[in-house]
Amino acid sequence: MLNTLIVGASGYAGAELTAYVNRHPQMNLTALGVSAQSNDAGKLLSDLHPQYKGVLDIPLQPLNDISELAKTVDLVFLATAHEVSHDMAPVFLDAGCVVCDLSGAFRVNQAEFYTRYYGFEHQHQDWLDRAVYGLAEWQHEAIKQAQLVAVPGCYPTAAQLALKPLVDGGLLNLDQWPVINAVSGVSGAGRKASLGNSFCEVSFQPYGIFNHRHQPEISAHLGVPVIFTPHLGNFARGIVETITCRLQPGVSAADIASTYQQAYHDKPLVRLYDKGVPALKAVVGLPYCDIGFSVQDEHLIVVAAEDNLLKGAAAQAVQCANIRFGFEPTQALI
Amino acid sequence: MLNTLIVGASGYAGAELTAYVNRHPQMNLTALGVSAQSNDAGKLLSDLHPQYKGVLDIPLQPLNDISELAKTVDLVFLATAHEVSHDMAPVFLDAGCVVCDLSGAFRVNQAEFYTRYYGFEHQHQDWLDRAVYGLAEWQHEAIKQAQLVAVPGCYPTAAQLALKPLVDGGLLNLDQWPVINAVSGVSGAGRKASLGNSFCEVSFQPYGIFNHRHQPEISAHLGVPVIFTPHLGNFARGIVETITCRLQPGVSAADIASTYQQAYHDKPLVRLYDKGVPALKAVVGLPYCDIGFSVQDEHLIVVAAEDNLLKGAAAQAVQCANIRFGFEPTQALI
Amino acid sequence: MLNTLIVGASGYAGAELTAYVNRHPQMNLTALGVSAQSNDAGKLLSDLHPQYKGVLDIPLQPLNDISELAKTVDLVFLATAHEVSHDMAPVFLDAGCVVCDLSGAFRVNQAEFYTRYYGFEHQHQDWLDRAVYGLAEWQHEAIKQAQLVAVPGCYPTAAQLALKPLVDGGLLNLDQWPVINAVSGVSGAGRKASLGNSFCEVSFQPYGIFNHRHQPEISAHLGVPVIFTPHLGNFARGIVETITCRLQPGVSAADIASTYQQAYHDKPLVRLYDKGVPALKAVVGLPYCDIGFSVQDEHLIVVAAEDNLLKGAAAQAVQCANIRFGFEPTQALI
Amino acid sequence: MLNTLIVGASGYAGAELTAYVNRHPQMNLTALGVSAQSNDAGKLLSDLHPQYKGVLDIPLQPLNDISELAKTVDLVFLATAHEVSHDMAPVFLDAGCVVCDLSGAFRVNQAEFYTRYYGFEHQHQDWLDRAVYGLAEWQHEAIKQAQLVAVPGCYPTAAQLALKPLVDGGLLNLDQWPVINAVSGVSGAGRKASLGNSFCEVSFQPYGIFNHRHQPEISAHLGVPVIFTPHLGNFARGIVETITCRLQPGVSAADIASTYQQAYHDKPLVRLYDKGVPALKAVVGLPYCDIGFSVQDEHLIVVAAEDNLLKGAAAQAVQCANIRFGFEPTQALI
């Protein structure tokens, strides 16, 4: 049994993590931590998320001395702000814990990336060097050895699962950059008071055009340029990405299908569509990434869908932890 | 032409007021005011409410010296917090302006009401004495003479329009208190950052059971006790109230119908249903209060619907101003 | 292992039933049946409900000769129209199957009830006499002996769980009929093409005032008159009922609390609130009925919430089957 | 005063048309027609669309002998199915009426287009030759002379308003086809019972990939190939299109801005954004098409938004009629 700590359980992804860990046969939920300043400290998780009443009536502990806490746990999930993860992760790592970080703090291995895209100076190049990017279907072997897993962002997970087999297989004509139009539920913005996320203000719209920080995350890991345009959807959960690409001459729909089959036939959390493309409702509340596509001449459109809080966050984090400790990758997830 | 000031135009009701005043042939929009501390000061109304781009590109002015401003305007709409209206209204009134206040600050004529239900000490018993409650269909003569009109709350408007003819006509058996179940759109909570109003948190539910301040407002003006239970609906705009009453013996559906006809046949902003009851969609974006009912034996269910921002706020305020200045009551509204 | 048949799996409740049975350790899913005329015959359940892709890729079989099929199964869930259940249930019962019927066909033991409220002549008074009403928390002993369980309607489940302890305990002053205002998600109307349920037409509104068939179901089983007013909510799933009652003199909030505690302290699918009342989001996707209340003088407001497809249909059906066969009542549900 | 007939007033666009015509100072609403087989025949428009109660209580007439009717009207709006418009329009045209057709029946001037994309053989090449495509901002002179105006589709209106100035100005590198990702509200599918449009089934998703009939409409009128991918949004009204293009070397953001300015500075129904891009809420209920854009190196993203029922249908139809008869283009619209 792994003594497991979740920091940031009060948020939407943190609550989902708690539910997974709570039903995991090899994980023991040691504590749920929140910032010492949080208004939620002392409340029960079920006070914040009433669906868990009677199920997860677990107090949210203010984290004061994490170095003491670090000695008592084996596995830490950080569902925290980037800067908080940046500061906390090394404390847990130095104490020997395995850390799965759901923030962006360790996703790209160059410190200057954080200066540019996240607005803070990264102080832990050593841990950036050792962090493993937790795109679980592709990093199995590295994750098995990792002490620090940087769980990918919600948008990058779907985008990379859709594009990586095609890029690696050389099927795309990259003279034309893949155009990723992605739509996310409002929960992607986190659980907090904000005028922009208020019920009466939310309205379908693009945002962060040409400057969302997930664009360089995708490009850095895929190794190719992309145009990434996120949109705020008027729904709570889920992501649908419509990706338009140019194929190399002679590449057929059958080639695409067999490439995806080869990549994912033994990956139970990626569901491939023989025909049609996924709708949002196919994935909400579920740990899958669904992928379908259509080809016309040299044009390819791939549609990938996932729950941003699950395969885009909590489920992939648990999947990484499962891989790291030699459990079934889908343990507690399906 | 009336020189007209709107204070609190940045909110949802304030923006609707602005649109009405802007198209009113006898009103001249002098200024849109916001609190001097507001982040919105200096922005255009259309920056906040993009539907008005190109139409209401009007700057929001920080209000510093309102006594100077008061000298330049004839008519003031206050779409402000209760305490702000309480402080501001007398300044405008003393300068001779007509004030239509959309807050609760002058709706009930006893100062102790505010101590108990609004949590502040009311300092202006003189203006409480002179304020006219702006339930427009019922206070026509008083409004014509008023300098200060206290526009009713959104819930009380629909409840009173539905119940007042029945109460006044003695049709109800009040041994059984009318049970008002009301559902409001989220805009009723105002335009502000708040976790409770965030897109992912909003979920149909009752709130303020037995202690919402609109209950005493309704009872005070109707002169009878009621049980009022508000609910947060998962929609942006509109109110539907389902009101269950006991009838006096012998009162028939025909009696109810003729009572409503008598009350409202010449009131264009109340629409009576011959059969069926209103749905939310009948009133959203419109200045009407729709009323339908059904009778079985001694039981009566009345359903009243309105747009909380219009007949429940901005439209009724303009209707009161129209009455006050001798215009058509529906001028600029339909 | 119980060989289990689900008829009507294509609908929303039927699909939920399939997911429960599929993970039930003592049930073996023999077949999913649909009407022989159904367009869905031959499709996979996951073609209709894409969330089950890769999980419940089970074909929907057209049911031709159910008497043959009846010999091969132990347990039948009928998630079918009232008339279909009325015709099919006796065939399965005569073959010795246990039947859990989710329709209204056997919920009230007088045949004339069906003539009046359902518009058909009931032909099976013998089975009406033997049917057990499956309000699971209250009929445990009878369900253990039943061959035919009539699973209660979605609205009546929440209403009765809220009111039955109070009625049985004599806490209510019934001179004033309890006023039940209930709001249901659109899935309550079933999975079918219908203008009224189309996305652009759905709008919060009351319907079926004074004539919804769930009113007599509630009154028949509670033994007291009630006023029941259903509303269509603009959400897909869940029910919230706000119930306003008059208390007997001297009954306190503490009396209510202890009455509920006594009734439900050992019933895991009813969650009682110490303070506050449930919101819709507390129960969507979950098998619980949540109950909270507030008292002021002689007035009581109880709020009960459930997922109409789960505790209001599929979960309660499985709960009844669990009780009938001696399994844990919550097996496969939580 | 133009005697005006609206056929298909029962639908969403037809009802909007009726509201516009009703308030148009130079149009007299002669009749609202529906198919002789329609269930709606004999009902009032306000029975179907309750927001118009007391405002548009106008009966829907079954159309039997349209050749007689044609003699009594000057202007006909056809908000009908493609095949119905194809059959009806020539009857009205031969009688001398001006016809504004909102269907696709006369939008592209080659008869074979209809065989291929609409599945019927077009019988009226003569009227195809004479039809004017009603993209109002661009066809002003032709519309003034037209007897038959083919009002563009909802998706093509926004796409062409966004792209036409850039294409005509030679600013785009068309080696890379513009990628149009469009999201429409459910009302785009019309007012009818359909499982796919039912409340519980609607879920954000792409559809019609590579084979939506609006793709060739856009390409035919722009004169350039495009990749057009429509999506069903989970909202009732509005369209947002995110269009990704490659610029010719050296084209700057300032060039784009000035090109749009030149095209639309005197076109009041196109609103240009100096900064940022439109959200859905900016246009719902309004007759505008809003356009914003962002440039990075040689990449351009344009966002265009409109109400699919207004600038994408009814408002543009009235705008065309206004132009045809020499009224202000925005008469009755703003």
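Each chain carries a letter (A, B, C and D) given by its place in the written order, and its residues are counted from 1.
What we mean here is this: contacts are C-beta pairs under 8 Å (C-beta built on N, C-alpha and C of every residue); 3 or more make two chains touch, one makes a residue touch a chain.
Keep in mind it's a predicted model, so treat the numbers as computed, not measured.
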Touch-network distance, chain B to chain D, counted in steps: 1
Between A-C and B-C, the pair with more C-beta contacts: B-C
Centroid comparison with chain C (C-alpha atoms), farthest chain: D
Whole-Å gap between the CA centroids of chain B and chain C: 40
Whole-Å gap between the CA centroids of chain C and chain D: 46
Approximate Å spacing (C-alpha centroids) for the pair chain A, chain C: 37
Per-residue overlap in chain D, given as positions that touch at least 2 other chains: 234, 278-279, 281-282
Residue numbers on chain D that touch chain B, as the complex places them: 50-51, 53-55, 268, 271, 273, 278-279, 281-286, 288, 290, 334
Chain A - residues contacting chain B, complex: 12, 185-187, 191-195, 197-202, 234, 236-237
Touching residues on chain B, where the partner in the complex is chain C: 176-177, 179, 181, 183, 203-206, 209-210, 227, 229, 231, 233-235, 238, 240, 242, 244, 246, 277-282, 294, 296, 299, 301, 303
